[in-house]
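Letters A, B, C, D and E name the chains as they come in the text, with residue numbers starting at 1 for each one.
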Amino acid sequence: QDFDLSGTEVTIGTAQAQVLNIGTLRMIEILQGWGADVTRVELPTISGLEAIIADRVDVASRSSDEILIGQARGVDVVAIGAPISTMHYAIVSSPGVNEIADLDGKAIGTSGPGGFNGMLFRYILKQNGLTPEEDVAIVPVGGSSERAAAILAGQVQATVVYIDNWLALEAQGANAQLLGYVSDIVPGLSSRAVFAERAYIEENAELASAIACANLEVNHWINSSKEDFVSYTMDNVRGANEEAVSKFYDVAMQIGMFPTEPAALLDTSGYQKLADLLYDGGELDTELDASGFVDASYLEEAAGMGCGTGEMSG
Amino acid sequence: MKKRSKAQVRRDQIVGLVIFLSVWEIAARLLGNKLVLPSVSQILAALGDLIASGELITAMAESIWLLIVGLIVSTILGFVLGALVARSRTAYWMLNPYFSALFATPTIALVPLVLVWFGFGFPGRVIVVVLAAVVPIMFSVASGLRDDPKDLVDVARSFGVTGELQLLYRVRVRAALPVLLAGLRLAAGRGVVGMAVAETYLRLGGIGGLIKSYGSMFQTDYVFASILPLSLLGIAIVSVIGRIERRLHWT
Amino acid sequence: MLANLKKPSLYLPLLSLVIVFGGWELVGRSINPLLFSPPSVVAAEFVELYRSGVLIEAAQVTMRALFLGYAMAVIVGVPFGVVMGAFDRFGDILQPYLYAIFATPRVVLVPLIVVWFGIGFEARLFLVFFWSAIAISANTAQGVRHARPDLVEVARSFRVTRLQLARHVLIPGAIPFVLAGLRIGAERAIVGVIIGEMFLQIVGLGGVIQQGSSELVPAQMLVAVVIIASAGTLIVTALDMLERRFQNWKGA
Amino acid sequence: MKDSDVEVPAIQLRGVRKTFRLSEDRNAKTVLALDGIDLTIRKGEFLTIIGPSGCGKTTLLRIMASLEQHDEGEVIVEGEPVSEPGIRRAMVFQTFGLFPWKTVIDNVTFPLTVRKFPADEARNTAMKHIRRVGLERFVDAYPHQLSGGMQQRVGLARALSTGADILLMDEPFGAIDAQTRELMQEELLRIWDEERKTVIFITHDLDEAVLLADRVLLMSRGPGRVRELIDVDLPHPRFEYDVRGHENFAKVRGHIWQQLRNDLVQQREEEAS
Amino acid sequence: MKDSDVEVPAIQLRGVRKTFRLSEDRNAKTVLALDGIDLTIRKGEFLTIIGPSGCGKTTLLRIMASLEQHDEGEVIVEGEPVSEPGIRRAMVFQTFGLFPWKTVIDNVTFPLTVRKFPADEARNTAMKHIRRVGLERFVDAYPHQLSGGMQQRVGLARALSTGADILLMDEPFGAIDAQTRELMQEELLRIWDEERKTVIFITHDLDEAVLLADRVLLMSRGPGRVRELIDVDLPHPRFEYDVRGHENFAKVRGHIWQQLRNDLVQQREEEAS
């Protein structure tokens, strides 16, 4: 059976249309195919959480840590799906820095204080026996592209950027190298989520199931054909580089970015690990129990209906 | 001062442009790093591509509409506020500090508030443009109107112009026009910036969205090709103002 | 008849202060505290940040780049503007570029600035200085072009040099323009330093804003915004005073 | 004009006093420009004002026009105390006061436009007066394209075209050559004669002062005071008789000359001591 | 001055012509302001220029000062063709040309400051001339605080304090009352006599034109042309003799008067036809 969402209006806040974000785009198309009236809003600096609090979007498809921050601040937002399931960062370094340990005495660029990737980088450094701030200077730098520029300009010797950003840079012939993907260095962290306020989800259960189903369908579609993914991305992402997109696909497959199993797609333990990490890093003041706000039931229900097999979305 | 003819100005500007572009092209080629500084020819190629795909036209249309509406609102508001502040002590002390404060507050910092109150629809974006452009207009109006053409005000008063309002539009605004237009020029530039902020920070769209998208893909040549129309837009507004100024100027 | 701006009676600013802050408090309380804060909360946050020393350090970092960059912009911008206005050929050629750069949002240029100037103090200085100087130059040039032709002539008849012409005739006549430029330049400078601190290396008051915004602590953000806005108000008011000083020959 | 109006003077000044402060602060040097001016100007009178440079003539006229606030005393125009400029008084400014951004015609029609006259009526009235001052070739020129004398005549045409009852003229012929000046004087006297306007006219030309006036107000140097009011008993219309040849002309002129001389001598003595 | 200089005229004009265009575009109305002016002004000569309003007197003076470019012809100052203003020529402007943002003293010292005179020397020179024009009480006043006549005298003091050899004066006494004017004329003649300056002096006062001049240049209306150059044969120093009573004075004055009349009549006839 199919979903009939005619008459359902929903505003979805997404990240910028990047290669990384192609899953959300496709998901929205499927929802529209089922008759939903979807308004997609690309939110640049404003977080999906802020947009939800301000009552300007119903559902957000954004970074997972937004849910944790929201929960810590008493905003009851719940994850019901994930456009990307494993960590989407790459650690990039200047030539000469070939492993994390080489960063001793060097400077690295992360996002601002309170930013997730700074905390992540600190964790990785500690894992490699380096003391942040003492052995390594941590320089907070604006956004992913500014960090990339900082490494090109030799201002920092390593930084963390989105995987697709790194691949685009590499395709443009940037003078930098990959130290590794975060999903390999620190496996099991959740990356992005489709979320909304609990009350909204409960009132719109039909929509929630549809979103979950579309989520599974998209992942199936991505897994089943590289060509389709590449050509779809080339059509929908401005300035995408075909070579980089193709490479991105391979990396995504390698690190399991788009699973079709509900349990893998939305893994509570990934959130729990994230929450613990944030708490340890001092970014969260409270310990959080992820099981309270990661709700895979819609995904499971959808899987039971046969979603994730490529049959639902035609 | 001797005025140079329009043709002379045009000719000088073209020569200047040619020199500027040549220097750029040579520098870019010497540097040989497209990521850092794409050459003029690369940018033009990207521009051609953007035009051919229709992306640029759609984005420009969206942005220009936003800009025009925003600037009109800013001008009206800026005039009223500027006149008030220049002509009334009460208004000056009641309004000026807050507008100075607003003036100094980066528009980006206000984006979340705009989101709450106006959303990221068209009204919200217009508000961002107005926030960026209104205070400079207000300041130059105030500055211009404070520069009191006493003799001419006397003339006007003696010939039956009564009330601050009439004096304002019959003499003061006219006498202050050069200052006003100079301010308006800069405000228009600010408006363009506000527009881009609205389009990159409130909600991606228009020409600002274009720049941001290509920026995150590190397509520097496309970034320049998208910034170019923005700068041209700035110049276009400035030259429209210049034309008005020429027409209104008496020497 | 004319408004006399010189003698503010005390109650007006106070009254408006009460209205504005009262309104803010009311509005602030009615909005979700994760998005906006009333002044009472901001004040508490201010005290906390002040005690911890974060604020002082941040303000120092910001003000250093701001004042140095702005001072440079004034020192370079005014003479440059006079030159552009006085040598109109030079001005005509350069003008479009200045306005083009001025109309180009710095936020989109940030990655280029990182590549050209890095992410540190120099880059912030550049962000402050360049756009501010352009605003000042462009307006000064306009003012110089609108110099009263009869007075220029008087000066010429006494064989002034270009420099003397500027000093005695062009600049005094262009004061309203220059000051309007200085005000807009001040704003460009302030926004410049904040952009630098939010998008380049995250430090100073811009960094405080960035942190407050990413952690959903609007009060922290507003503390920084209020400080920046106050600095701006001070600069603008100082320029107003200056304007009146320069125009004392008008009596009025 | 109604007959009952005849008794009401056009302008009355009672004990008018005016001081200027040379800078903003309280202790700044002050200049006493006018001191205790009492003056009654009859309706339809032609009064000329003469006196040394800086004696307060312009200030007096500006006070009559309500362009300047006096410190003490009263200014009564047609029976009413005034404090704002009014359309029944029109002023010709010593420094011309033309709007640099308006052409000649627009400058002249300005007072009419302000009073919302229909455009073509305003234009016709303006053209009539522009022709009177001999500038029909320059209707579309801007002030800076005119010679000094021409600019002054534009200011004159503007005041005339308002149709005001009271003309306040501050050295209106000061920048005009002798011949054109004579034409203008004739023209002004004709208008005055026909329309019975009240004219207050500052000049520093003795001949002009006597030739045009019903009465001459002689002001004294220093704190501007009324030194003397001299009736000019000469036949009208003045340009049809050779008034310059009239014995009274020489007499009055001689008297004023003597008075102004005395003023100067007196001042020099004061300075010497 | 060296003796060998005596032959070189102060200013020579040869076939000078000047047209003004009334607006930017090519087909705009033009005004022929000066047409074929030939004129030689001797060193140390006092030349007055008289002519109807708008005949081009100011334009002519401005061309002599190199403030205006002429279309045709040559301007030679002390033997050299000139195209830029020079410090040996000082101008008194018809519209005063004071800097509103400078006080009286600063306006007067301006030309000296520009030439880097030591401050106190400049001040002394300036004060000397400010006293000469009777404004010592107003050294620190701003122009807008002065009466018209006082402003004009500031302009005069400024030109005098430059010490230029050639004074170009555009109706310098136009806004000054008869008595003060006489003082100023005397003062000017004294300076001229003592320092043997070349003075070119525009006036619309016939008496003044004759009283001061060695020669009077009479200009004709319309396209400004030299109508006549009249030698004034009167004894020097003029203020010690009663030159007004001299028979030549009346003769010259009458002649010029007649010429100006004719000009006017001629113009009226042209307009009528």
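Assume a contact is a pair of C-beta atoms (placed from the backbone, for glycine too) under 8 Å apart; a residue touches a chain by one contact, two chains touch by 3 or more.
Remember, it's a predicted structure, so these values are computed and weren't measured experimentally.
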item	value
Labels of chains that are neighbours to chain A and to chain B	C
Angle of rotation relating chain D to chain E [CA atoms, steps of 5 degrees]	180
Top chain pair, ranked by number of contacting C-beta pairs	B-C
Remotest chain, chain E as reference, centres from CA atoms	A
Chain B and chain E: spacing of chain centres that average the CA atoms, whole Å	49
Interchain centroid distance [CA atoms averaged], chain A/chain C, Å	39
Where chain D and chain E are represented by their mean Cα positions, the distance between them in whole Å	27
Multi-partner residues of chain B (each touching 2 or more other chains)	35-36, 108, 112, 116, 150, 200-201, 212, 215, 251
In chain D, residues with contacts to at least two other chains	95, 144
Two or more partner chains touched - positions in chain A	45, 50, 54, 145, 148, 152
Interface residues, chain C side, partner chain E - complex	150-151, 153-161, 164, 168-169, 172-173, 249-251
Footprint of chain C on chain E - complex, ascending	65, 67, 84-87, 89-91, 93, 95, 97, 99-103, 110-111, 113-115, 142, 144-145, 162
Complex contacts: residues of chain C adjacent to chain A	32, 34-35, 110-112, 114-116, 118-120, 198-203, 207, 210-211, 213-216
Residue ranges of chain B in contact with chain C within the complex	1, 4, 9, 12-13, 15-16, 20, 35-36, 86-90, 92-98, 100-109, 112-113, 116, 135-136, 139-140, 143-144, 146-148, 150, 178-179, 181-183, 185-186, 188-190, 192-193, 196-197, 200-201, 208, 211-212, 215, 220, 223, 227, 230-235, 237-239, 251
Residues of chain A that touch chain C when the two form their complex	45, 47, 49-50, 53-54, 69, 73, 75, 109, 111-115, 139-143, 145-146, 148-150, 152-153, 155-156
